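Following this message is one structure expressed as structure tokens.
Letters A, B, C, D, E and F mark the chains in the order given here, with residues in each chain numbered from 1 onward.
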């Protein structure tokens, strides 16, 4: 059984081609990563995901680098290798140093530990936090 | 069955008292939150967790606020209510505005969606990411 | 260290052989998949899992295809590659088209996003839902 | 600390009001559920989430009821009480009987068990599934 | 909407009554806990779950207390409050002291941290572990 | 992009060398596993993680083998292949037989199923468990 194969750029047509072109222009890249080529099997999902991601990740009260690091933290917690690697690469382009990534990882590790300690000890929410 | 009850400050002795005093001094707070009071049932876990957390969350290449936001992102992904509330309160003290929190949440939601899309489509890691 | 190796069909004896024969007959297949061959290292787990799965997945108020799609949705949320691939293959045999799978994935992605939004915003259960 | 409070309908303005009106019209309901009222704290997230959800959940190759049941299966796997309750209510409106829900739950339980068996035994993907 | 209400013992009939009687006899208890009363809404799930649980949790190469502690560790990782509380109560009956529970929790917390460090650093499996 | 490469023992200096030496001595091993070599990219994380792990996993009210089995149960629930393999190897050194591992897996599988049944049926905590 073949599961899903990426849609190569030279096979892209219509909505898929338009989104691919937009991704390359906005991201200033020349090759479409596998994530987009694979979800392009469903052009509606491709378009909706790209539009949402582009809007959410743009500069706001948080700068794009902080947003990328939050993305990485979620991806590490969910054990998504592709997501860790692709968003780390994106974050490095935006200025994340190796030292910053290591500190991020230390926080992610610790948060996963204390999240479980809270559950394990069934800690009650403090009055001042309600 | 009583599960674990928090160790109140006036009952704290020895190692537990020393850690409680250190938390209040370092955090500049006057009351110990339930998390610390509850894990104080195991003084070794209390001491080790506090020492680790204090070291990990201090200013480094990442500033303390960014670290708090990473902590919140993990806690949201793990559905830990106590952790979301306590680290949001801590982040607000360090300057997180409501607008920043909302943007953080949007990133967390999106990352959880695309993490699953990657799994669902079984996206292969690109050569340039290996 | 060798972890667990699959029990090949020509090595199957007793309880394992009986379950393998039953799987091939019920599922109308000629080769036992790795899942069953590997958990056959524990014949009791093999037998119990097969009996439960066969009973749960048979036609009831829900048809077998809908049940397979629910299985896939859980497996995607848990990031289980083997489970995604094997249950997608099973669902395709039962009539799932590629278009149906893509719609299923879109729902799974969206549900994972809104599940986290609910936690992140700490949404209260509405009175009419209690 | 107040975390987020729902935006009541009589306080809704601009984008939030337009989305609320659209939800009530499309869903044929007279009251906005807490999920929408709470994420309305971020009007962009409200609008994007509603648009995505409306598009994804509409009739396609899969009927709306099947999509709701997939949503429930993900929500149970992620332990999201609000999501389980609200999508079960929505599914019941679309024809899900109690018997169907019980069968759905049995599948979700079983899938969570075998997903872990696959990991625990480190089952290799069969050649015919690649 | 009423979701599921527990089946009280005086309402139990047929298969449900037989399973309830068996649980009380085997577990040497006089009252059926909510878990069994609630899943009794689906008598097949009740019977299958009880039979599986009884077989899996009985003395084997591992003693029943060790099995209960493994159950607790999984339940803490999955943040299942009911499961943590009920299996801790069961483990205490079988001899688990508070000190043992605290050590168990420390291991669970640490394992959740290092599991994420492994993902975050993308640690390769050593040759000697393959 | 190169992500993180393990720090080989002949490149280890200062804090990293001291921790590596301590690991080899305490664990009575001659080669440092990839986990430690990879997190050695952050010497502080290496030192803190090793100190915590060594303290937590030592004999207490629970023996080291039981602790390893709890570690494995968490790692299976989190789908961490490296962690499953390395802690299974460690547990085998401490006396875990294949039969014990299979029983452990059966408990882990069952716990993951009933954890979800509890959520799916929204089981209320019994009075006697509060």
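Just so we're on the same page, a residue touches a chain if its C-beta (ideal position, glycine included) is under 8 Å from a C-beta of that chain, and two chains touch if they have at least 3 such contacts.
Everything numeric in this text was worked out from a predicted model, so none of it was measured.
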Mutual neighbours - chains that touch subunit A and subunit B alike: C, D, E, F
Chain whose mean Cα position lies farthest from subunit B: C
Copies subunit F and subunit C - interface residue numbers shared by over half, same or different: different
Chain separated most widely from subunit A, comparing mean CA positions: E
Averaged-CA centre spacing for the pair subunit F and subunit B, given as whole angstrom: 21
Interchain centroid distance [CA atoms averaged], subunit A/subunit E, Å: 35
Of all residues in subunit D, the ones touching two or more other chains: 1, 3, 41, 44-45, 49, 52, 77-81, 85, 89, 105-106, 108-110, 112-115, 117, 119, 121-122, 128-130
Arrangement of touching chains [line / ring / star / complete / other]: complete
Subunit B partner contacts - residues on subunit F that touch it in the complex: 1, 44, 48, 52, 55, 128-130
Residue ranges of subunit C in contact with subunit B within the complex: 76-77, 79, 81, 84-85, 105, 108-110, 112-117, 119-122
Touching residues on subunit D, where the partner in the complex is subunit E: 79, 85, 88-89, 92, 98, 102, 105-106, 109
Subunit B partner contacts - residues on subunit D that touch it in the complex: 1, 3, 41-42, 44-45, 49, 78-80
Contacting residues of subunit F [partner subunit E, same complex]: 3-4, 6, 31, 33-35, 38-39, 41, 45, 49, 52-53, 56-57, 60-62, 66-67, 69-71, 73-75, 77-78, 80-83, 85-86, 89, 97, 99-100, 103-104, 106-108, 110-115, 117-119, 121-126, 128-130
